[in-house]
Structure formats: structure tokens, C-alpha cells
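You will see chain A twice below: alongside chain B first, and alongside chain C after that.
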Partner chain A sequence: MPPQVVIFSPDKLRGGITKEVLRRAGIETLLISKVAKAKGALVADSPQALVLDTMGCLPEEINILLEHCRTLKQTTVILLGRSSLIEAIAADRGNTIPLSDPLDPELVAEKVKTAMASPPGLNTEEPQDLQADLIEFLRLE
Partner chain B sequence: MAAPIPAEIPSPPLKTSEKEIGATPEITPGPVGLDIGTSHIVSAQNRGSHIQTVNQLNAFFTVPRSKFAANLLKQKEIMHFDKDTLFYIVGYAADSFANMFNTVTKRPIKEGILSPSEKEGLAVVKAVVNTLIQKPKNFGEVLCFGVPGEPVGAPAVGSVVYHESVIKMFLTRMGYTPVSLNEGMAIVLAELANDDYTGIGISMGGGMCNVCLSYLSFPVITFSIQRAGDYIDQMVGISVAEPSTKIKGIKEAELDLSRAPQGAIHTALHIFYDDLINFLLNNLQRVLAATDKLPKITKPIPIVISGGTAMPKGFQGKFATALTQITLPIEISEVRLASDPLNTTAKGALIMAMTEAA
Partner chain C sequence: MPPGPSSSPVKRIIAVVGPKGGVGKSTISTNLAVGLTAMGYKVVAVDLDLGAANLHAMFGLRKVQHTLDDFLLNKVKDLNQLVVDTNIGALKIICGGDVPGIASLPYAKKISLIQHLAKLEGDCLLLDLGAGSSFNVVDFIIIAHKTLMVTTPEITSLMNVYSFIKTVAHRRLEIFFRRKKSNDLLDLLEKARDPDANPHLKTMASYFNVARRIDMDLANQAQKILAGFEPLIVVNRVETAADANSGEVIRKLMEQYLDIKSSVVLTIREDKTLKKSAAMMKPVVLEFPKSSFAVDIMKIANLVVA
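Entry: the complex of A and B
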């Protein structure tokens, strides 16, 4: 089964710690440090969450991955790094959770669990009613 | 990078021994842990029911080459090698020879790394290591060795990178797959299994103190200071006009840091122990305050101290008291001494070797 969470981090320590904390929380992840591989994983696995660690990232790497995530409505992006950078990015896009430094691995795990419990794009407040939809569509009121 | 999951190791206590003069090293299959320290080199191997550590003095003494000397050294099975016009006697035997000639041994390692002033330093280290381990039974056997962290403040006497690389090269030529491990991290692996490998490991040896803050077995912060046991011996010796070898003897035999000192030598020892501890803790404070690598750690973490310099009675209490005088960005739960301070680094290196080999 493909991992439901992808971690992108060029920093071995931060990436490793995040992966380990999520593993202890029962979440299997794929840890990637190269942007080309990360793109491939996003396309192939359509993960429920992408933990994008901006520490040590080139600006182009961040842009490439975020652009890619625009097409993945089911993927929540959790941004890690300096608050000045990630809050600016998060303000510009929906479905993004900024968690500024210092790295708080337990908070990351909590946010990932929340993202996986209620994935974006699913309207949980209004249960789908197929009959009502068809009636509306066919204008049979 | 997968988190290293340290292998299980036998719970019985370490069995340790000093290398007997003339005894040949045993060849046992399995990973090896190696602590290449300024004063001693220690090897560790898992024997199933216990961990066997063996230590050898990391020192040498030279005598002029002659047939008489050659016969004597051969007869007494004294580990040595020859180069140019000299015999290099290595290990504890070197100490015996130095005492005979009323002088001191030389050290191939200074302040934790290969001494650039000792041209045959690497050859001596190789010879000492060869008294402890031989070529592995299985080619490519994993051997993990401790390396110091980058020194804070003053530049290193030599280079940590060079030290690590040349040692890796000769261990590879011996037939091992060498893996390096920060010495402070080795303390964490050996002593903090019950704390989720989260805490601060400090190795206080002869030439250097190595510090590692580990989070879930990841070495988040590592550094070293180039002051340790030898610094205390030298400074006390200068202060009271006594040879540092005499000071070392008194320090190891009699010193009690929990009692008020009596006499000039003990007073000076107390002073320079305070000096070393304060220097170490001030640098710990500086490094932690300046770093952006520290993750948020909600629970207090322990400090474990190891190494010969931490062994005098009362050291733990003195360290804990000094700690209360500084402010760190993380809370410390306790300060404790390693269960076997002289062999902890080798044991931690063995744990890493066993993990890598698994």
C-alpha cells in the first residue's frame, strides 16, 4: 500500500526526526530529499498529506512542489520552517498548515493525523444524497 | 534517512580487561566497537552472554634499533614496530619502558585527534589497534569507531576530518567496513536506551570533552571542547610545580570532589575541575542558544557523563551544582554517571556496529 504521507526535507536530521515521530504515531511515510523524486511520489501515490520542510530548500523547489500540489485536491500541505516564509506561502493558498520553527515533531504528528482523519475536498457536513442530486439535476421538483 | 534502531545487547555487565603484554588479540566473528581515545584505545565485542571490552594504553616509547633491543623485545613479546633507526614500543609496555628510563611516554593523539607533531602517530595508532583486534574472520565485518565533534571556539590542533578519514582508510585495509560515530552519541546509545535515546551524552576523556544532544537517537547537536583530563593535570602541575604524571596519579587515586580539599595539590585539582566544568557548561549554553537545529522538546531530558575525567568521587554532584548556575533552552531531568565510564564509548560504538550489521 503506498504511503499516505510524503515528507520532503533536504535536511537529513529534520526529515529523519519527522519520519520517526510519525512512525511512532502509526503513520507510514515516504521521506524524500530530492524534488524530482518528490514530484514522482506525489503523482504516483496521491498522498493525503505532504510535509514540506522548507529549511534548506531552494525557492524553486518549494515552488515546484506547491504548484504540483494545486492539482492534488486531496493533499493537505504542512509547511515547516521559518515563520516569515511559511506564513506568507500559507496565506496565498488554501489547504495549507504552517508550523513555524522550532520544529515541533509532536505537533506535526497531530496535524498529520487530523489531515488524514478529515481529508480536504470531502464535505463531511453534508452527506451525499444521490437521489436529491438527481432530482435537482433533472429538475424534477 | 531511517532512524537507527539500536540492536539489543546482552544485559549482563561489561567484562573488561587490560591487554596483557604479549597476548595476541582474539579473532571473533561479529561487529566491533572501537574507542580511539587520547589516553586509551578500547575495543568492544558481543560474546553472546556478555560484552567483552579490552583496553590498551595509547602511547609509545622509542628506543634506538639494535640487535640486542630486537632480541629483548622479541623474547618478551613486546608489541613494537621499527621505522628508520628506531623501535617504537606501543601500549602498556611503553609505559613500563618509560618508567625504567625515568621519563614519559609519547602520545600519537593530542586533544582527541591525530597529533600533527608526531610523524609516526598513525603508525602507532595502527599498532595499538592491532594489539586489540586482528583482521576480521568475515571480510567486510562492520566496525564502528568513535570520532570527536568539531571543537568550539579555538581551531583544532589537527583536523577532525583528516583524523576520521585516515582511520577509516586503515580499518578498511584491515578488512573491516568502518562506520564513524560521534563520541557523545556513543554515550547516548550506551546509556539512554530507557530514555528513548533522547538526552545529552558527554564523554570526558583525556584530551577532549565530546557533547551530543540526541533526540530519538538522532544526533541533533554535537560539539567538543579541547580541554579534559590532561588539561587538569597540566594546569595543576604548573600551578604547584609538580610533574603532570604525579598529579594524574593523585587525581586517579585520591581525589574526592565532594570534600573540602586539603593541601595545595588537592586545592588546585578542585579549582581546575571547577574551571573545566564551568567551561564545558558555558559552551553548552552558547551552542544551544545559538543553534536553530534544536527541535521542541517538551519533556525534561537527562545528561549522562562518561570518561575517566568524570570518575573522581563527587564529580556528579559538582557537575549538577554547576548546572544550576546556567540557563539552558531545555529542561534537564537529572545528571548521572555512566555505569562503566571507561568503556561506555566503545560499548556505544558496538551498539551502532551491531545495528549497521543487522
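Entry: the complex of A and C
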């Protein structure tokens, strides 16, 4: 069975630590450091989570992978890196979790577990209309 | 009637409210107090969660001689006698008590407490209020210069925030119309509380439209008072963009239905360090100053004193 989690990190140390901590948490991952291979893995495996480490990434590399993830609605993207960058990216997309540095691999494992606990395909639905729900439950109209 | 914000030794009164329990209000109050202290302000934090005090535990204060119960039970006459050092810079707190039933404060005692609070000395007075929408929570907000409404992204918490702010709005209007002895506008306000029976009064804007026909001048004054209520919505435990957006959703509903136009939405990210610092009984801002929670708290601290 293909791994359900892909880690993309140009930084060998950060990628290696994250992979090891996830392995100890019982999660098998595919660690990739080249964008083209990461793209291929996303297409072939449709993983439930992509851990995208932005440290050392070129902006084009981040954009390419995120663009690809748009077509994979069931893939939760966990962004690692500088808070100013990843917050801005996360604000623009749904199903994205920013975890700013310093790198906390245990927290990454926690978030990956949460992503994997959601049934595949659940995230393909449009998010519930919160405003409509609030109007209804508050009996505003 | 509860007094409005007035000239007092305390320059800024900040109320932290979390209508739904368990949203992280006391954690935010504690860390905000520490953050403001770090910025150089003389802060007094007051645990107003009557009957369920926990602020002292957040600071690791085990032996507290006097609490707010002593004031409320007339054992001490001056709130200054209850001020306790936290050993965190110039930060001081007044600890809450846990006498059963104390949360059902008699009106006169509540007014006395509010008046004494406003006389405490310092740069900032931070009120950590209890959960719920009772008048014994709502009325303390009236003296606040800034009110932080803490919620989480869950719909039930957001609903509680909306209902709380609606209660605050009605209460402010009620107090104003009672002061002005305007029975007609009070009657109209009473009708507005039953929107099923009075759909033409469903929104605050429609209420004021009708109120202006009864008394244009008073209605306009009342609307200005309400316009001065600028709660800051704080969405805690944010993990996704949708979570962060939930504050904006409730802000829009408040504007549309309650005519509350000027609330700011702030977010605090979910952060694992909270558990660690809670176990240590030390504020996150001190122990993990670079954590996302601490960074977000300092953004709020800068905003409340701006």
C-alpha cells in the first residue's frame, strides 16, 4: 500500500527528523527532496497528508506543490517554516495547517494523525456554510 | 445603576469574557496580564469568576490569605487590602473566592464592587470574568474601556458570543433608558426581546427606526452609546483558515443584526506549549515567549493599549 503521508523537505536534517518521529508514531511516510518527485508522488499516491517544509524551498517550488494540492482536496497540507510565510499561505487555502518554527516533529505527528483520522473524501466537500448555520441556529431569520 | 467608564486612578480597564466555558479565557487573561506587565504597564488582574476562582492557580499562588469573598462578605472594606504580588514584575492580582452561591451577587454589592474596582491604582485593570450571560457578568463590562470576547471556532461557542453581545447591547440600552426615565423606549425594548411576536423589531437597526419615531433625540443618543461598544473578538485555538474566518463570520452577523459595527477580530493559534506551561503553573508568555500563543498574545496586548 503506498504511504499515506508524503514529506517534502529540501533540508535533509529536518526531513529526516520528521520522518523518524512519524515512523515512531506508527506512520509510514515517503520523504522527498525534489519537487518533480514530490509532484509525481502526489499524483500517483493521493496521500492523505503532505508535510511541506518551506525552509530552503524556492517560492516556485512551494507554488508548484500547492497548485497540485488544489486538485487533491482530500490531502491535508501541513506547512512548516517561518510563521510570516506559512500563515500567509494558509490564510489563502483551506485544509492547510501552518506549524511555525521552531520545528516540533511531535506536533507534526499529532497533526498528521488528525488528518489521517478524517475519512478520505470528507474534505472534498465544500466547508459547511458557517454563516447560514449561525443564522439558522440563532433564529435570526 | 452601574457607573459608566469614568475618570479613575486606573487608566485602562480591560474585560476578558468567554461566554461559553472552557474557551481559554483565564489562560488568555493570565498571559495578557503578563504581556502588558512586560511592556512596562502596572497591571492588576482581578478574578471575577465568582465562586469558581482559578487565576491564582495560573500563577502558582498556593497560599492566598484574602480573596474577593472577603470583600463580598464584608470582612474587608477596601479592595486594596486584597491585592497580592505575583512575583512577576509589577503584576498584582486580586484572587477570586469559591464560596458557594457568591456568584448570585445582590445588586447593591455588585455596584459597590464595580465602584471599588474603578478606584484601584495602576495603569491597567484586567477583569477575568466568569462564563455565562448573567447580569453579574454583563454589568462588569460597562466599566471596561476594552472588552475581549473569547470564543473558539466551534459553532456553539460562536452562538454564545453572539447571544452575550446581544445581552450587553440590550442591557446598555435598558440602563440608559431607565436613567432618562423613558418608559416608552423601555417598553419598546421589552417588545424587541420577543422577535417572533414583534418581527418589525428583529434587528437593532429596525428597533432604532421605530424608537426614533417615539423620541428622536433619545434614540439617537442611545444609538451613539451602542456605537461606542467595540468588543474585540478573539478566536482561540485556531488551526485552519476556516477557524480563523469564523471570527469574521460572527463579526458580520453582529454588524447586520445588532448594529455593532466596530469589532476587531483577533486569532490565537492552537499551541501545544499551553499544556506544558499549565503543568508548570507558569504563564506561557514567560516560559515559552517565542511560541505562537505568546506571539499572538503580545499582538493582542499591543492592540488593547493602542
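Some points to look at:
What we mean here is this: the second predicted complex is superposed on the first by the 119 of 141 C-alpha atoms of A that agree within 3 Å, B and C clash if a C-alpha of one lies under 4 Å from a C-alpha of the other, contacts with A are read in each partner's own complex, and residues count from 1 in each chain.
Everything below uses one rule, namely that a contact is a pair of C-beta atoms (placed from the backbone, for glycine too) under 8 Å apart; a residue touches a chain by one contact, two chains touch by 3 or more.
Predicted model only: the values in this text are computed from it and were never measured.
Using the contact criterion defined above for the overlaid structures, shared-chain residue A:96 touches chain C, although it does not reach chain B.
With both structures placed on the common chain, the touch criterion links A:135 to chain C but leaves chain B unconnected.
Greater residue coverage of chain A by touch, when chain B is weighed against chain C, goes to C. Applying the stated contact rule after C-alpha superposition, one finds that A:104 touches each of chain B and chain C.
Look at A:78: by the touch rule set out above, it reaches neither chain B nor chain C.
Of the two partner chains, chain B is the only one touched by A:31; chain C is not.
Residue overlap on chain A between its contacts with chain B in one complex and with chain C in the other: 102, 104, 106-107.
Partner chain B is touched in their complex by these residues of chain A: 12-17, 19-21, 23, 31, 101-107. The part of chain C that touches chain A in the complex is made up of residues 155, 158-159, 162-163, 195, 202, 239-242, 244-246, 249-250, 252-253, 257, 269, 272, 290, 292, 295. Within the complex, the chain B residues that touch chain A are 1-3, 215-220, 292-296, 298. Those residues of chain A that touch chain C in the complex are listed here as 83, 90-98, 100, 102, 104, 106-107, 110, 127, 130-131, 133-135, 137-140.
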